[in-house]
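Shared between the two complexes below is chain A, which has chain B as its partner in the first and chain C in the second.
Up next is the complex of A and B:
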């Protein structure tokens, strides 16, 4: 029995393949017809706008202008010419967004993992705490932003009220101090989005078989050793997923800084998205904004490619192990 | 009996004659339907809808179909609507966008002859308000709604401190603000041991956002300065501008009668709690203070500069967008009739229910306003100036607001902050100019 199965497998697949191909020979287009609905939407909402955007970035474009002269790479060159405000503010906003990503991603992964480990244990009120940490995520960015702006208000914020009333310290102008303005943005973002990552980690923790820990207990492993050699490696794929999605979300920083600091003081918290919006809709420089969007998109593409490389290597590693 | 009847008949005839005279200047062509796009989407929407219904009932040959949508949506849609020849017949545009749309050719000029034919006299409106929608010597819009930057004052706190007169000059403002200021130990500015970091009450609210920057705008205009020069390049670093803004910054840094590093929210709360005598801001806080039963008054922004009275104002203007070739001239005539009706004294009086200021003296003189706090600024409604007249609003106002924030926080000297702002604005303007060639 067990021997005959591989034999059958060896002969049958070519047969079925041939039969299937024969059946569909009359309809070579049918796969494309099935793809058509998606392709139509994809073409209208992705390919066309991207192509049009590229065209816009190469012309001096305004919907109301009678002429839209071709200017080649002028708007891209502006981004590399230190004399233009565009290069100054675009790279400044890139730096800000990079800084935000660098600081917030480890916090968002670390605290989410920490909370998940605590709430995975059978403690009292576990379900309540899980909801409490997840709930902020359902707020819109404007609600969350106004909340944290008030918490860190230069004069009447809760943080300054506690400082002055309990400790007699002078108020700290968080919102108008370069550097400190990041505190409400980052703390607010962690509070706001931690629930999602925590839920992913909780699900992954539930999938780890208790037998590993039982075996480790018999061997006399410490809790650190159990975390380091059982939990952490088995959470690997989830950590990678959380890392990739959190990095991409952080690069798209927009609402938090817009509402909490308005990008200030002196553009020190202005994100790339916010600057592109300003250039397009406050300054009416749509071509310049398109050029920036393409450059930023290119940077994101390179970044995503690198992440996929790492992911693929990790997946192969997992198979081999 | 007979006499009274005939007098009545005479009066009626006179009245009808008046109506007939009014009708000679209105649209009498075939029936047309007009589309009307505006952004009055809040509590002002039902008032606007009521007015439109009245207009439609009174004008059987014109039907206005209104659409209300958020202003921002209109700013994004208007260019493509105009470019594709599908623009509404009438669009309301705000003061911060109007010059940009004019310069880009989105709206059509209203000739003097046209305005006259429709019965719209420029002289019935406040001068600077009407000129908000002027560009290169032509008029492009008729004001329908207006708000202004005013100075709220707390009567209780002023009485407690011993300030008897609402300040109207620089010297009065400084003196009153000093009288209103005490630290937590009850010491006054200038007294030994006065602690400016722990103010209990203070004279005036200054704050770091764009609304706070409108106080600097008023001071600059009052001093004979301006945001842009004749060539529409940024010029808010002129000596007059520096002097005016320096006075405001000195209120914080030298006289300690305003809090440093404050926000609009913080000052708003402080004013409601009776901690600050003078709160300059938009008149839109009127309802809030009235519902809080605050004992407050509204005054025109004191004259900090040496040249003229001035304050910032925002406004909405009825415009006729550029239409495709072959557009029905009857529609344009009917649209002007609608604009005239909507911006007539009777309708403007109704419109002030929404919290708008009167757009013309004839309405401001109405007795209905006599006991209202807002009437405190009516005398000087002719001195309210919008930030318009240059097609690069974003390029000028962004750097200007930022310059104010830097000067107010003390991060930069007033001169350095304004210089940096002008430098940035002019670089951006140079680029924007290329789009208008």
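Up next is the complex of A and C:
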């Protein structure tokens, strides 16, 4: 039965259709309203500071001075002039940070993968082990730093106590010896951060189909062959992710050396981040420090770009899925 | 005959990707023993922290080393808690307050932002999203100094505002929530729209309830990030009463230098709430990390 009421038939269906579409699409400006709060903060605290920092690095910025004259690339040039103390200290800190990254990254990835492989297959107390290995990661950096400074105390730290009481060896002054001062920093960092990478590897190992290993078993593959030709290649994407995030974290070394060694002895463990903040906040050289920050940011660009690419790939994957 | 292996490979993976199979004693004993040794090594610093914290000062430095505290005392804890050099409980409260406000605002802000980016069609959507994501290429040190100079102009030095607002517009949260929102079937949203729901109602009653796991994950990350933030508050807060816990504990480290009994008591106090939270919420933390770290 048709409800053909004269005068309504022509108006009603279009009305509902229009209303429905109107509701579904919403007001054309509403997406921008949703974005407004974030974009406002983003503009003020992310975009603007980048430009402002560049401006500061090109001017002689003094907290108390009335004028801030334009000096061009002077502060950048200073960093490439071996005569200036800035270039000496900056490149020294770059060398230290580079050394730390070079040593710590393979260690941080290797130990995390090793632990994940140990924990992956069923074992009694698996969840407990996982919690124990993750536990140090929840400590805040100053707690971790004080703890490892105590562990490696020159005279009576736990490491020297074990050396002298159990092995009768003389104490090693780790904290005040150039070179050796890296030991507490690196050991402490491995202890502190291993749980994060281990967790990522455990998740990735769980995603490898057991059928690969079953096929390999039929072919009589050794466990090394299984690792080399199945596990390692299939872990490729995680390893890339872990590598990039670990490199970036190591480059931005700050708290560990600040608390454990204070950057010493003799600035041999001073990180770039520590030196830049020293130049800014202790020496009040904001322009010089800004120039260093940009140069350092540029040095990290390869890795920040890789990180961006990984996330971009995931973002596109999310759209397809 | 091939049945067992096909069944094993077709069986759905259990939670956290536990592989099929069982722990078998003779075969797995070396692995178990190795893990036990490693666990002991991992826990040794924590034990040493607690042991040192309950020793009187003489026993801390005595040789031969006192492996187990002979005369346990809470004196170090009493001195740290009543220290004239700073109130550690106050710092803890500051950190808790700042991290809580930050987390609530950050999660709300990221959800509001990720929603149109994942679910609406409008000019400039792609450009805005890639612009936000591109900001992850700017390391924190680049914005640290200019933001500090802005804090001076805002008169936010020694204010919690400085610890909350500058970090709120973080790209990672938008990325994480957008990814999750994209995975929610569109049909659910269309059904709500047909019932006449506005976009805000769809967000509140359809999208957010389905996204609780990822909201919790983002919340845990945001809280931990704010709680553990060290570089920024070190420079932007100098007032002893307004310090956050990590920075406050570090001032003790500079003041007590080698008075390790007191230092270990202060690190133990600083770690207790975190340990309790970890024991309660480690599932969210570890599963959040496992699922958000990478998409396969």
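Here is the rule we go by: the second predicted complex is superposed on the first by the 262 of 321 C-alpha atoms of A that agree within 3 Å, B and C clash if a C-alpha of one lies under 4 Å from a C-alpha of the other, contacts with A are read in each partner's own complex, and residues count from 1 in each chain.
Following the convention adopted for this analysis, a residue touches a chain if its C-beta (ideal position, glycine included) is under 8 Å from a C-beta of that chain, and two chains touch if they have at least 3 such contacts.
For clarity, every value in this text was computed on a predicted model and none was experimentally measured.
Peer 1: Looking at the overlay, what does A:300 touch: chain B (first), chain C (second), both, or neither?
Peer 2: Only chain C is touched by A:300; chain B is not.
Peer 1: Under the stated touch criterion, which partner chain does A:252 make contact with: chain B (first), chain C (second), both, or neither?
Peer 2: second
Peer 1: Per the contact definition in the header, classify A:281: touching chain B only (first), chain C only (second), both, or neither.
Peer 2: Both partners, chain B and chain C.
Peer 1: For A:273 in the superposed arrangement: first (chain B), second (chain C), both or neither?
Peer 2: In the superposed model, A:273 contacts chain C only, not chain B.
Peer 1: Figure out whether A:91 sits in contact with chain B (first) or chain C (second), or with both, or with neither.
Peer 2: Neither partner.
Peer 1: Determine, for the superposed model, which of the two partners chain B and chain C contacts more residues of chain A.
Peer 2: The partner with more contacted residues on chain A is C.
Peer 1: Output check: A:64 vs chain B and chain C. Expected answer is one of first, second, both, neither. What do you get?
Peer 2: first
Peer 1: Once the shared chain is lined up, is A:99 touching chain B (first), chain C (second), both, or neither of them?
Peer 2: Neither partner.
Peer 1: Figure out whether A:150 sits in contact with chain B (first) or chain C (second), or with both, or with neither.
Peer 2: In the superposition, A:150 touches chain B and chain C alike.
Peer 1: Going by the contact definition given at the top, which residues of chain A touch chain B in one complex and chain C in the other?
Peer 2: 63, 149-150, 153, 156, 281
Peer 1: What residues of chain C sit close enough to touch chain A in their complex?
Peer 2: 5, 8-9, 13, 16-23, 28, 31-32, 34-35, 38-39, 42-46, 48-49, 52, 60-61, 63-65, 109-110, 112-113, 115-117, 120, 122, 125, 128-130, 132-150, 152, 165-169, 174-175, 178-179, 182-183, 190, 193-194, 196-199, 224, 227-228, 230-231, 234-235, 245-247, 249-250, 253, 258, 260, 263-264, 267, 270-271, 274-275, 277-278, 282, 285-286, 289-291, 293-296
Peer 1: With touch defined as at the start, can you tell me which chain A residues reach chain C in the complex?
Peer 2: 20, 23-24, 26, 28, 30-32, 34-35, 37-39, 41-42, 45-50, 52-53, 56, 61, 63, 115, 118-126, 129-136, 138-143, 145-151, 153, 156, 158, 161, 164-165, 191, 196, 199-200, 202-207, 209-211, 214, 237-238, 241, 248, 251-252, 254-255, 258-259, 272-273, 276-277, 280-281, 286, 289-290, 293-294, 296-297, 300-301, 304-305, 307-308, 311-312, 314-315, 317-319, 321
Peer 1: Provide the residue numbers of chain A that touch chain B in the complex, in ascending order.
Peer 2: 60, 62-66, 84-85, 149-150, 153-156, 170-171, 173, 175-176, 262, 264-267, 278, 281-285, 288
Peer 1: Would you tell me which residues of chain B are touching chain A in their complex?
Peer 2: Answer in residue numbers: 75-76, 79-80, 82-83, 100, 104-106, 197, 208-209, 259-263, 265-266, 269-270, 392-395, 398, 402, 405-406, 409, 411, 424, 427-428, 431-432, 434-435.
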